[in-house]
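Mind looking over this structure? Questions follow.
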């Protein structure tokens, strides 16, 4: 573990990523303390430009709401959506991939056809349909994102498990009398962890982007202030109030960037071949 | 080979039917129906009128019967009729398909070419500043929300500089023909295709880079160097070809999603394509049309899976024989 | 002096599903197809009838017989002559089946007959005050009998190449891109129309539509084509004119349905509190760019028989709080359905939610797309819901339907969705519809307006202003009560 | 040929190669000097990681990234190779100095035809026309003795066997008649018979072309077979060098002595076969056929009859060796015995109970008495489990309590000579030999009566290999285990087995007491196998 951190922290990008992400998380957690008022509250005249008033350093939006407060609360939603949907996607994808890869044969065939179905409809289109069906709300958005993003997880896990399944230590576990479930849980899955972690860090980023794209099309949760919502709402006034889409855009960009950097850092740190090189 | 293709096509047809069945139920799970939407637009309608519409559209029949009718149509290559647009679905889709394919194919080709090129370049200079620059740029493209980039591109290139048209497929009413028309469409294509391509360009770049680095560690590369080959030849002939295998897989996956993958871009750039058609069909619960779009998209995905596999056999002799 | 020639580039939003106006009557269809199809009459901006296909008309003393005299040189776009038989087919056969709004009005009609090729007689069962108001193109478009008689209307292939009598003919429609109409050289009014062609540009994104005007691709932005936030900036451009006229016939009035059946909204005091809690002036200024008016009550000020002698609900949060305290509202959550028609409406719902929050009403926004919204209203599955409706110039056509208890029925959102049930109001509306003189009708409608405003069955918001923005050298575009919808008949472009 | 008066073609002087930070030591090669003379074969020996490959790679300018020569020189044709420019270096490679590598599977580009890969060598140095290059390719393939060379030229690497691939590599290296051929463990991945062929090929080619060969290996048998001179490396230094006879017969340095002592002796001791002991494992009519490739209806599938009517009996306390070349079906038999794979037919009786019919928990129960030790000490331990868990898992799966299982694990670790503290450590913190001991401890944890060891020492260096073999022999004695020892290394088999079964193409062609097999093989195949053992002649000569 210590070794891992050493390797990880050698990667400058990854460290920057961690720092950015830590800041975003901190802001999200502290939002209610930093901005006790609801971010929906109309506090000043609409379209107050940034820096015009000290209390509203990033200005106000079309209804006179405080942009910086929106950004802070938006961090909550965006991170929540990113994390929960990724976890959900992992919870669907890992078991399916593991079963398919471990048992092979018709189990594999059936599960993979099932997985294929979710890939025949373009993922963004499928997300739109799902959100429309369940009506936009934070739950349905998370569910939709999870549903469209698990197939790659399943495929990855399946591939890994298939190659691990014939490893000697798995055979040793079979011989020692462990049940299939124990073997999958104890011997196989832990060893697929590193590619999954790397993939997951990218999925969080993609989920944040997906939520914002849905919001942009008006399919966001109307009770939740998210960055995607802020950009979507700012689209129509982009000409008279650049800052309304600029700041949340930058926030998304930075967060996604951070997650990517972390993902790449993990990738390098977990890759034994690369581990030796690079200072 | 031919037998392989036929087998795969047969299998694909069965999968397609299953997919359409699932899609059918999925779509019908959404609240509201086309009759209500259409009645709504008329600005007035009583329940009787709406019931009459439902009957005309066959929506009063049990769901399973509707499914049966739909699948029967599909088996006879009939995607049904869009009552809302008063046209056969196939015609609506065929009208829109060229525009979408033009846009997405262009974006696809641009992203694939530039992405792999940049990836190769970066991998050749790994650790140097040009690698850092390319990688950072790719990360930036990857992280920028597509629609945001699109809006910014329109503002910059269309409004402030007025260099490029910011929306539409061609200059409406200009009635260009021949080359002039092609050029006109080309100009309209630049902004949407580029913004759409940015994300995938980033993906291809990163993948190519990683794959090149991975392959360059393999033993046969050492063999090639021991032969006294120049590193440019090693890069091209040995590393690149092997590194392209995963990229081909990804490209196949993306190519399959080209049909419906551009909803946002088509919306921002007023591009008359399938993505928007799908979005509108969904909003209006135009069941047949929506299913039709899904059908075409699923068929495309399966087709490109097949093409990828064939391509793979072409690139990788190991699979060809196995 | 009108100049002949030229091309108009107009934005159309959203893309119409079809141009066959007898079958589809949504906004964009009416706007484009209004140049292709015609009704018997048009209306000026005071809602007075003007000749169109009918060059003159008489009304009998008892108000039961309406006789129309048609032009005798009218041809369909395919060259076939237009006759009284087409009128009878359209009104009595085709539209009775397909036109949801018209068929309600036609229930007052006993018979429609054509004694000769240029005369049509409508006989009513009883007097119907607004009857002369149902003959514009969107309400009663004339469709060609020779094409539709005996066919399945909805799937007739001719729907894709609409044939009308109007000043412009259908030329081409590239789906998702544009619609092209060209001048009808054989138009029956000498010298008209002036323009050679009209391009309707389909641009789905509001910001892009503004860009289209700014970059000179289009010259005319009909009401509602760009977001309100953009109106001021665009209208301040050089050579740009703006008018909010041309909506008199529709008189679009926005309100929030309040579910009168159950929940806190069933209490009159709660509904009044909602009226006091909303800062409608702010909404108009911030969201509607200052256009439009704060609504007094159920009747729009441009509609006939409007009265302002009603209770005023000015922004007064304190009064709202007092009313809520009085009724004993305990903070039950109410669901608010925004109108899924774009950003302005979304923002408006957020603003209202905020207004209500501030007086202590707990609001949860429920988001849906158009289909879901339709369904929820039709199934009465809401507490508060945004909407806006047209008035069609007369309370009997566009107002009464919302409040009559006989109009309470599930399955449609164009009736008494809120479930307001007041026999007095029913009686007043019924009497006013069949009263013969205008004075009598005014008296009855004033009374009904007062009663309704006190009861607050729905929470009225704004009389909406949908400004048309156009280059100033486009002349005579908006001259009637339906504005652009039949405006290109007279429009010309100054060089 | 052993006249060492010839000029050195390559002189390595004080070579020092630095490893990147974080490596196991600072210098991969530390002050190494040696000469390579024209027309001789110089063997560099030493255990894994001693720096053999590094010095060879430095000569080719093919050091891995971040590994840099930091001192000394490599003189070739009067110039220091380390100071050559890139283009000079490229010109040198392939033309003057050629190299072949250990892994024939991965050393060829999988996507290119063999002829193209050979032709590339000419292309790299701008020689011949494209047509001539292809012709030469076929000639070269003929020279290295590939059957049907023109067909092999059109083949892709995956269509060739390991030995054939290595021949292709050699053909490639010979293409431009280089002065020096560097061979980095070129036969380690091959089975004995193929290895013998390749060694002979190299020897012959060296003689006909008069090249100098630098041959890297860790196998002293190979050294005995081929070397003119030997240099022994340890921890980046050369500890001893001299002619092959000097070093092998009369090693001076203790490390060399230790290495040579660890080589299993070929002669098997006549061991007393415990004929009175009861049979514990009886195998009858075992068959296993693999069908690969081919979908439902099309493409011709590959059918391999990997186990063909195999009959075996194993008595308590006995060690049965299964030997045979690669692909002869040894592992398949082993896997059928423990039911990691279902045989197509035949019975496997373990202490009288038929394993083949068991399923589910009954099978798990029965497996307690038959365990396996795996070949690869790296791949057979779960890298994410602690050693204690690895050993205790088995008993726990059979209902032993956690504390009990762990205390037993500690005892087992002591039994295999490991510290009790090892239970808290992860596998990667151990050396290869130690890991193999952990694997043995795991197999013993369930107190089995039969252990199957599939190439259990093949991946280990000779010195460590010797330790593990000793341990196994000792344990067998103490615990009264029956052992099936699968190996392709006949020396190892000779050392440890009571009886030996020789397999060829899925069949047992000969079976009998170990000494009988070695001294007096009956079967022709057995004889080729024994003759192919590297260093055998020399050993016989020395003994005789």
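Letters A, B, C and D name the chains as they come in the text, with residue numbers starting at 1 for each one.
Note that in this section contacts are C-beta pairs under 8 Å (C-beta built on N, C-alpha and C of every residue); 3 or more make two chains touch, one makes a residue touch a chain.
These numbers were taken from a predicted model, which means no experiment stands behind them.
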B-C against A-D, pair bridged by the larger set of C-beta contacts: B-C
Whole-Å gap between the CA centroids of chain B and chain C: 39
Centre-to-centre distance between chain D and chain C (centres being mean Cα positions), rounded to whole Å: 87
Computed distance of Cα centres, chain D from chain A, in Å: 46
Distance from chain B to chain A - Cα centre to Cα centre, in angstrom: 22
Junction residues of chain D, two or more chains touched: none
Where chain B touches two or more other chains at once, by residue number: 30-31, 151, 267, 282-283
Of all residues in chain A, the ones touching two or more other chains: 132, 135, 235, 238-239
Set of all touching chain pairs, with the criterion as stated earlier: A-B, A-C, A-D, B-C, B-D
In the complex, chain B residues that touch chain A: 15, 18-19, 22-23, 26-27, 29-31, 127, 139-140, 142-148, 151, 155, 214, 217, 253, 256-257, 259-261, 263-264, 267, 275, 278-279, 282-283, 290, 294, 297-298, 301-302
Touching residues on chain C, where the partner in the complex is chain A: 205-207, 210, 227, 229-230, 233, 282, 286-287, 338, 340, 343, 346-347, 349-351, 353-354, 357, 364-369, 372
Touching residues on chain C, where the partner in the complex is chain B: 7, 9, 14-15, 17-18, 20, 23-27, 99-101, 103-104, 154-155, 159-160, 174-178, 180, 197, 199, 201-205, 207-208, 211-212, 214-215, 217, 368-376, 378, 389-390, 401, 409-415
Residues of chain B touching chain C in the complex: 30-34, 36-47, 49-51, 56, 81, 83-87, 92, 95-96, 99, 151, 154, 158-159, 162, 165-170, 172-173, 266-273, 276-277, 280, 282-285
Touching residues (chain side chain D, partner chain B) in the complex: 60, 62, 90-95, 98-99, 101, 103, 106-112, 120-121, 123-125, 156, 158-159, 169, 172-173, 293, 295-298
